[in-house]
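Two complexes come next, and they have one chain in common, chain A, joined by chain B in the first and chain C in the second.
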Partner chain A sequence: MAKEPILQINQLLTQFYSDGGKVNAVNNVSLEIREGQTVCLVGESGCGKSATAMSVMGLIDPSSGQVSNGEVLFEGQDLLKMKKGDLRRLRGKDFAMIFQEPMSSLNPVLTIGEQITESIIEHELLSKKEAKQRGLELINLVGIGRGEEIFSSYPHQLSGGMLQRIMIAIAISCNPRLLIADEPTTALDVTIQAQILDLLRNLKEERNMSMLLITHDLGVVAEVADYVIVMYAGKIIEQGPVVELFKNPKHPYTKGLLAAKPVINQRREKLYTIPGQVPNLIDLQPSCYFSERCEHCMSICTTKQPPMKQIRDSHDVACWLYEEEVSV
Partner chain B sequence: MRNYVLKRLLYLIPTLIGASMLIFFLYSLVPGNFVDSDPNLTTERKAELYALYGFDQPDIERYFIWIGNLLQGDLGYSLQFQRPVTEVLGNYIWSSFFVALASLILTWLIAVIIGVVSATKQYSFFDSFITIIVFAAMATPSFFLGLILIKFLAVDLGWFPAGGMITTGSNLTGWDYVKDVAEHMILPVLVLTMLGIGGLTRYFRTNMLEVIKQDFVRTARAKGLKERVVIYKHALRNALLPAITLFAFELPALFSGAIITEQIFNWPGIGAIYMQAFTVRDYPLLMGFTMFIALLTVISNLLADLLYGVADPRVRLK
Partner chain C sequence: MSKALPLLEVKNLKKYYGDSSNLFRRNPEVVKAVDGVSFTIEKGETFGLVGESGSGKSTIGKSILRLSSITDGEVLYKGQNIHKLSKKDMRNLRPKLQFIFQDPYSSLNPRIRIGDAIGEALIDHGLVDKSEIRERVLEVLDICGLAPYQIDRYPHEFSGGQRQRIGIARAIILNPDFIVADEPVSALDVSIQAQIINLFSDLQKERDITFLFISHDLSVVEHLCSKIGVLYLGTMMELGSRDQLYGNPLHPYTKALLSAVPVPDPTLKRERIIIKGDIPNPADPPKGCKFHTRCPIATDMCRIEVPEFREVEANHFVACHFA
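Take a look at the complex of A and B:
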């Protein structure tokens, strides 16, 4: 573990405005990604995965929310304290992002080529011709043939899988050191999902990128992650190396997630589901936010927030079940 | 592509035939005509004039005569002016056209700029302030707005002439003439612009707000593009697309004149002539003019569709 963290998030607090008050979408989240590492951020919809990624990118829409506290250190520099222009110059160059919906993430009235080359021209100061050359190489690299033809076509002429490849091509066009992928395969059908994941994994290895992969699909996690972070209601509740976490989950929520995963060749009458719903994030009292749905809920769970505790080497969990000093 | 245009052009024919029938029969079925409106005529004289203008023929027959003349580019004969309709229109339509064109360009330019700025700074002071101003201008009737402008800018300050198209009694030529007309144009153009700007500004603001929320704008930001590029290259282009249709519909309006504004500023435009023709039942002039606007409308419709295809690759024909 000698490798330096490329991204380090400390006590990040991202709030969105709502009619009922401020919502802590990302609540005191700390995590780090090392060079060449793939970290998966897992959790249900609305648990703050995407908000975390958008906070890192500085793309939280100021009319709907803000990053209120914390640090986002990218190679030692705090992105949150950076001037807007400086952040913009890093964004898309040193760290880049791909999104969930490839169909709507590309501009319908600009050609694919235009959209690939514009960020190259913006960040690398290449001429149009050189940028086009690079663009064609990238299209080839992400596994689409007929580069010239694709280059001059429009998004509506390509399939979802191809568009996501194009999004990846755009994201890696300036050789970023960190790639954030927000549910990159969710909108695609299963066969394409596997291809896109393979592509991401290969690119990551070839280019020695780090990757923050956001997903709710544990199958994806098992396939690509080095390290897994489980989020619930804006907080990290458990994190650990992928094998360790899958073999030895500690938090009841993580256990529930793993139990809810369908297993091939095991036909069950009914898939396991975690009872209850994600709590309303507006007026949460100090408690374990999972306590309402937890089968092991104790009295302390409803009154005090569990601290993060190291269980084993780099395997942490926030759950009162593992605090010895608490008398049950 | 050529086949498509050809097909669309062919479709225009039945549309125009329908329009011509509507226009002709609506006017010819209205009781009374130009001759009837003069109570001093004797019965014999009336019959003479009926025969002269063809009012004694059956409507169907008159329709085909009218259509036949239309096809030869003859819109009929204005009874009031005792000159061909085309000549009357030709005399007045251009003065209306230039005022309308100037105000159209101004309205669209201002509306796009204000729309974009107030969308990117939604709920800011600028946004609310402009919204109030724009609604106030839109809600004020044109005669009131016109009179206010005349009172302050023409009478009190004396910056612009209060009405007319050229300085009375002047005999200017060349550039001096153009300058004189331009000076007289300013107030009517201002009134038309203020009236038109409200709706359009709101339209662009809404379109822009819609587009700014789209995923591809977020992608453009994530690429690290400058905010200016994100707004003007990625967002604005998409926000302008639906406006193409709107813009094409402005084409007939360019030639149809502004009845009230032209009256206030004593502008010799087609709007005033149109009103006058109504009062004296100069139906050939009205029919000819309405037919001309109908033709412009269907052509601009076609133009809108073709332009949309040029601007939006998703509807571009292969």
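Take a look at the complex of A and C:
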């Protein structure tokens, strides 16, 4: 049963340049995604979840940052060491990405058809006519009718939900084995979000596609994830299978996130709040980065970074509370 | 009923954009952003207005405070029609009616210290002596969870959550009776959102402020609001108390909205109502019931006849032929 991971990230370090020096946006992150598995990266703004995805895609803008260390193994090949041309052949074909803002990721002066067929023609060496046929099938597959009409329209003529479907159609056009989705439903209304999540779930099942889904919404995580990774200030602080993580969260930050979210039909007098705010990544000292907001903060937390520790089968947490030698 | 006058009464409010009075266009496209909406807000109540994009919820918020003109209808604040007031009377009333925006950063001048930005309105309306202003600003900073030393800082030095606190401080320093808050927590991270939501509930309790809370997030609305209206394409679909709306939703749209909200519980298996299609173009809304194109139970009658907005149980209104 043990499948080889389709994506394996080892000790990834991504840094951005800023006035105050280099910022470790992704700080020694390791993770793996298996075939047919959906892994969710959760966290708040600036925790490094999008930077992780951009590093995998090789899309870190060299004028603002770089991947300084680590390996990104896609089916065993290190993407970071790959030649640009080789990477281009894989990207969009074997693994693809969808972004949060469909409107700003589509070209406003090209028709939807031209944008859908672009990567098909590029990667699959099909004729224009064959590519169009495939494009129309894709439009149908993502649940938009009126294929011909949509094919010749421009992005501004479609709604946000339709554009996000088009983005998905483009991403899956070459049958990728891994789909990276960065907040794919955040900009959408709830009824449309439900449709898109349903679509992603079906695609995953039908094609046995692996997915890395980035979101800040724990509701979305609960609906689609198999495995969850929680990030804070560039580091993974807890990870585990979805049911285990929601039923038995260990890190005070994970617990806080779950308790801070209002949930329908579970009225509470007051919401739990995590005091303070995310620290500035520039002046981080060796410590648990969550320590200054943590109600269980101990002296060791302010001087030493907690290592990742396995609590149960594939459930790991980086917190001093769970290290026996200090907890007593 | 000889009840006391409600604090705010909205009667048959209409707001059309691109009105037909244009000489140069033959068939101007009229967008009925708000199409005959009525509701009342009692003193001390927090009224939640929910709906998806294009439902007209922000337009209603702005019209109520006369930040936008209206096409037809009435907005009565303590019985007086806000849109009929003279400019001078309106200006005198302004401090009592405040607005909190979704994106506080774009409503702050980057070159003005936040202490001045918060105190500005007090000076403008001549409400306090110059010497007292700093004290008043410090007082609201404290209420809103900001530190005294932050009074002389500039907007860029604050995080998103803190800027929203500044927006709230600016509104409450005038001791308003009524605040319209338009998606005030939508742009914030979960841990910060909870802080701001709690600040809102404290303000409700301690300062007796009446709120119109506009949001697309049904879980936040349930947490804060006692009465809720559900909008779709400029029309009120359902209106009722929190218990009625969340415990016994009657309109198929309300049911679909509630079932579309992802619940953070991976073990929960529920029958999901996924409504098909997109929100129709507001410039060309469907005939009959506006929701019929996406409604799972629509019949021919729904395609022709506009359902009446009727009271099905005490204070619970719904616009559906089958509710």
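The rule we apply is simple: the second predicted complex is superposed on the first by the 323 of 328 C-alpha atoms of A that agree within 3 Å, B and C clash if a C-alpha of one lies under 4 Å from a C-alpha of the other, contacts with A are read in each partner's own complex, and residues count from 1 in each chain.
In this text, contacts are C-beta pairs under 8 Å (C-beta built on N, C-alpha and C of every residue); 3 or more make two chains touch, one makes a residue touch a chain.
On a predicted model such as this, the values are computed, not experimentally measured, just so you know.
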So, after the overlay on chain A, do chain B and chain C clash or fit? They fit
Is A:225 contacted by the first partner chain B, the second partner chain C, both or neither? second
Exercise. Could you say whether A:99 touches chain B, chain C, both of them, or neither, answering first, second, both or neither?
Key: first
(Q) Looking at A:247, would you say it contacts chain B, chain C, both, or neither? Reply first, second, both or neither. (A) second
Larger residue footprint on chain A, choosing between chain B and chain C, goes to C
Inquiry  = Per the contact definition in the header, classify A:209: touching chain B only (first), chain C only (second), both, or neither.
reply    = neither
When the two complexes are superposed, chain B comes to within a least CA distance of chain C, in Å, of 10
Contacts from chain B onto chain A in the complex sit at residues 122-123, 214-216, 218-227, 229, 233-234, 237-238, 241, 311-314
In the complex, the residues of chain A that touch chain B are 57, 59, 63, 88-93, 96-97, 99, 101, 104-111, 118-119, 122-123, 154, 156, 167, 170
Within the complex, chain C is touched by chain A residues 44-45, 159-162, 189-195, 197-198, 216-223, 225, 242-243, 246-247, 256-258, 260-265, 267-268, 270-274, 277-278
Chain C contacts chain A in the complex at 52-53, 159-162, 189-195, 197-198, 201, 216, 218-220, 222-223, 246, 256-268, 272, 274-276, 278-279, 294
